[in-house]
Amino acid sequence: MLIILQSGAPDDVLQRVVERIEQLGMQAHISKGEFRTIVGAIGDENPQLPDILRSIEGVENVVPIMKPYKLASRDFHHENSTVTVGSATFGGGAPVIIAGPCAGEDRQMVRHLAKTVKANGAHMLRGGAFKPRTNPYSFQGLGEEGLKILQECREEYGLPVVTEITDPRNVELVCRYVDMLQVGARNMSNFVLLNEIGQAKKPVLLKRGPSSTVKDWLLSAEYILSGGNKKVVLCERGSRGFEDEMRYTLDVGAIALAKVDSHLPIIVDPSHAAGRRDLVGPLALAGLAAGADGIIVEVHTCPDKAKCDGPQALTEEMFAKLMQQINHLKDAMAVMVS
Amino acid sequence: MLIILQSGAPDDVLQRVVERIEQLGMQAHISKGEFRTIVGAIGDENPQLPDILRSIEGVENVVPIMKPYKLASRDFHHENSTVTVGSATFGGGAPVIIAGPCAGEDRQMVRHLAKTVKANGAHMLRGGAFKPRTNPYSFQGLGEEGLKILQECREEYGLPVVTEITDPRNVELVCRYVDMLQVGARNMSNFVLLNEIGQAKKPVLLKRGPSSTVKDWLLSAEYILSGGNKKVVLCERGSRGFEDEMRYTLDVGAIALAKVDSHLPIIVDPSHAAGRRDLVGPLALAGLAAGADGIIVEVHTCPDKAKCDGPQALTEEMFAKLMQQINHLKDAMAVMVS
Amino acid sequence: MLIILQSGAPDDVLQRVVERIEQLGMQAHISKGEFRTIVGAIGDENPQLPDILRSIEGVENVVPIMKPYKLASRDFHHENSTVTVGSATFGGGAPVIIAGPCAGEDRQMVRHLAKTVKANGAHMLRGGAFKPRTNPYSFQGLGEEGLKILQECREEYGLPVVTEITDPRNVELVCRYVDMLQVGARNMSNFVLLNEIGQAKKPVLLKRGPSSTVKDWLLSAEYILSGGNKKVVLCERGSRGFEDEMRYTLDVGAIALAKVDSHLPIIVDPSHAAGRRDLVGPLALAGLAAGADGIIVEVHTCPDKAKCDGPQALTEEMFAKLMQQINHLKDAMAVMVS
Amino acid sequence: MLIILQSGAPDDVLQRVVERIEQLGMQAHISKGEFRTIVGAIGDENPQLPDILRSIEGVENVVPIMKPYKLASRDFHHENSTVTVGSATFGGGAPVIIAGPCAGEDRQMVRHLAKTVKANGAHMLRGGAFKPRTNPYSFQGLGEEGLKILQECREEYGLPVVTEITDPRNVELVCRYVDMLQVGARNMSNFVLLNEIGQAKKPVLLKRGPSSTVKDWLLSAEYILSGGNKKVVLCERGSRGFEDEMRYTLDVGAIALAKVDSHLPIIVDPSHAAGRRDLVGPLALAGLAAGADGIIVEVHTCPDKAKCDGPQALTEEMFAKLMQQINHLKDAMAVMVS
């Protein structure tokens, strides 16, 4: 860590900086330049040290050198890691396709969709039982009933299932029915929930919050990893932007950046980013071309009867066409890497 | 609600739009223009209708006319509402000052700070017992021990206390010790938590999420209000921006806008917005001048020993000076309004 | 255009709204609902009308129905348009590759790079002679000398050349040397410059401003098109975001959206978006997969001797590898479309 | 400047870093730590050095220590500077009030408004003759005819006049008629225009671009200052955000931050930030409370006849009320500072 003192800072500032560094078990290394004095703090970086040092009147800037996350960092785990859910392997080379309705709202429809997406090559089924909705008067999901529908489809069609978890009290319940837990974008910084999930045994799909940096995202992954659950898959789903003709700004740069900084697998959610189905296909392909290890996409038999997020759901025909495109892209990507 | 069909949309699009509107108990009113057909949906707006209509292929745009929140809206409650916490009244004309340390980390220090902020005119004490920290390795608060320290100060100095709640399982526990529950910015869209708090009896301080629109914020308030808890105070604390020399962008326009759209009291948190103490004073005054009903500000005896957010904590001297400035501003604002 | 009156707006508001609509040659069509009165303005939409109507006290919202641009709109030109520059055709199916140094700073180096990028399959050469630099003390380009270097390379290697124009007084000068004029992101809303370029004969590459909506971008294109210059190619190069580990947020959604709203060809600039060379490849591929008709990318023989933007310049080896990847992707995309 | 090498960077990286530093006339100072090697570059910081060093493969980060601007920096000019325009002094303690119509579109109306704003205490008149409009079909201003109207008002009512300049070829023309040149937000990074204005003799009002950092803004000021024109006043007018109920996000933190980093006077433009007149008053007061040295505000006799930006123009009554509020605030601020 480097600590830059203000130009003309009095001598006792330097003294306090050195004191605090040594109190936290690090060593101070002082360089006096023409315009500024710089102190290097050497040793194992304490996560509280930057704030403590910035608090000292006379300190201009503190520059951490080490990343604040460790288990999520590529510095400590050079190879790409893989996460396996049933027969699907994230990070294993071929893109994993997760598809299904936004919410599991009607048994017949979910069964029909499971069958269709499976037939078109999807590897996993998605579906919400507990829906976090901005509007308190909107449909909030079927709860345990929805989980049962998902479980039934999973058994019948051999598709592992992922569903969102929103309540730390539901971890055990949800784990009973599904194969992978999803932390939604709104809960990326719900540390109480992350702590509970860190103790679960199921793989986790961790969406990026709409105004979270890649560093924040990897720190949320670190919460889960440091709790003992090593099976984390990241998911980019768009950050908050100013464009009012689509819902979020899909940040393909964040996918590429997270691949540089972390060894964890990453997938892309084009549906929530776009908020409208005509843009879902291009965003899915863009995410995969940027290096994503898979996609999670919403499909609906009859989107205008969907109880949530219908405008972004692909029709079955659109999904079938997208799967063909992904297959072509996959082959091209495989050649590129080899 | 207005539904605008795409230019040249086939006839059955209009038919499906009308059908869906009528299925949800509203009436359809059709206007065929030269370039576009517009349908007005008349009646009590169903929160699911916009998404359902946008899902129909051939619908270009859906424009809701009513706000999606009701209890939080000024349309249904014209006068400013007030919320009373002990001897402090939010929205009662004079600004309410909440001050104290970021975290209640040391009994002696919190007691000393409580005494100091009280002496300088603060009306309430703040302090964190459960801290949501981005970094899993940072100090996470003292938990119940921290609540006890706050309670002790409250009794000794007659200062009502507000503290953040992060876990839906802790509502009862926290209510036992404090006078007001704070929902932090990261939890503004934690609907599980909002639902629990909606059933509590304590007043609530609801911070705006860093990428939430004013509409999203008022919908989160609606969660609490519709649960039965009518004592909601809003708090603006900055939204995520691109400037890297301060932490967040304090959005004074959101304060003014929320005053137009809602009757709820609003305060401002300049400390978390700025992230550095030299900007806290100007932001506090700006928030009040924009119409805020109070401030919540971090003060620390010795910021460079603080275990969290030291760089943004005012020293005791800075706080005393800010209180003087606020008193002058308060008098000027009182004359303005009268 | 739809005009929504405030609930309980007095009668004379409606009267003024109708008056203004009729004064501007449109017809008013009134619908009185239970909660709101809505007025439809029928006829050729006047660009000043929305602001005029919003100015009336008692008007809640004005919803334009027609896009404010016409020549750039797909509504009036359904097929994709193509723009030809020498032997390169934007929008013609195969991606156009533009490559070269940030600035044309050294004759030998530019010649060497032109030869290299040509050998690797680039279709056009880029290079800056007039550089808009944030810092007044940075290298500002060689001016006309730089143009001469580009022209020499163009003749020797048969590569059409694109260069940025920043001064409306230089249009004639620059047109003498190059094949395509580039409007940089900082000048997307420099309407004085756009007007001059609208009268030039050369094709134009119009970059999107870092905080411009797609609508703003297409309105800037409209400035050029309505001046008589129909050869506009759009270029997405990232919008301003909050992530501090890369320079801008490449917005692949804007590429897909502009393809829906406009018939103009679009390319992608991964170099300026990323600001660092390790992310340039993934962003280039993502842009193409989202539907871009080409890329413009910075390459340098020895990036750490570059006078500007060295960190984002690909080395020659990286460019060669990217071209191989693009060729694979191109083949896959060709199959997808067919 | 500090250069941080990647962990495990080969020896020749260090060698190249040292070489480049010495080539540009600085000295290198090497510290080898446990995890990283750090190089300090000592001497006069070259603006090209950071990019050159970041371009070297194996360099992880470059941290400049000095600000990249000098003439605009408080480091080199500790006291607040003042700028005088006629009888108005920016930065002289009392807020300077600039008011008038968006565009000078009608001689009688501008004369009437000049008289009214003067009577209510305004110190300067604003009015646009050359309007930069997003839409090419919108009213673009009266040009020289508009300048003449402004000049007439200036002479009749003794109000110095500020108007926007958009074309580098018009500097001489505009200087003939007005007292202060305004650089609009869209032209903040139009360096060609800034260079011309740097050579003019008139004071300059430099608006902040909607996605510009405070550093970028001060670098634009540096363009003008380094050209020889020392009379620069900054103006905050909102940055681009995601809230769709107002036009821009007024960034009062940027005002406070620019006051810390620079000695230049700063005013606030609440009209363009809000985009709607009901928010203009609160934003004006917030800007002043944050430390702004004045405001520039749009007033119109009959906003719904305005040819541009009517929705944000204050009525004459609203302006009179705002002036009363500002007078109360001014008195309070004067006491605070003393």
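Note that the chains are named A, B, C and D in the order they appear, and that numbering of residues resets to 1 at the start of each chain.
Rule of thumb we're sticking to: a contact is a pair of C-beta atoms (placed from the backbone, for glycine too) under 8 Å apart; a residue touches a chain by one contact, two chains touch by 3 or more.
The structure presented is a predicted model; accordingly, all values stated were derived computationally and were not measured.
Touching chain A and chain D together: B, C.
Path length between chain B and chain D in the chain contact graph, taken as the least number of steps between touching chains: 1. Two chain pairs, B-C and A-C, are compared here, and A-C has more C-beta pairs in contact (counted per touch definition above). Both chain C and chain D derive from one sequence, and where they touch, over half of the residue numbers involved are common to the two copies. Distance from the chain C centre to the chain D centre is 26 Å, each centre being the mean of its Cα atoms.
With centres taken as mean Cα positions, chain C sits 38 Å from chain B. Centre-to-centre separation of chain A and chain C, using mean CA positions: 31 Å.
The residues of chain B that reach two or more other chains are 211, 239-242, 244, listed in rising order.
Contacts from chain C toward chain D in the complex involve residues 16, 20, 47-48, 51-56, 68-69, 132-139, 166-169, 186-187, 189-192, 209-211, 216, 219-220, 222-223, 226, 239-240, 276, 303-311, 313. Per the touch definition, chain D reaches chain A in the complex via residues 2, 4, 7, 29, 31, 33-36, 38, 40, 42-43, 61, 63, 65-66, 75, 240-242, 244. Contact residues on chain C toward chain A in their complex (touch as defined above): 211, 213-215, 238-239, 241-246, 249-257, 259-261, 273-274, 278-279, 282-283, 285-291, 324-325, 328-329, 331-333, 335-336.
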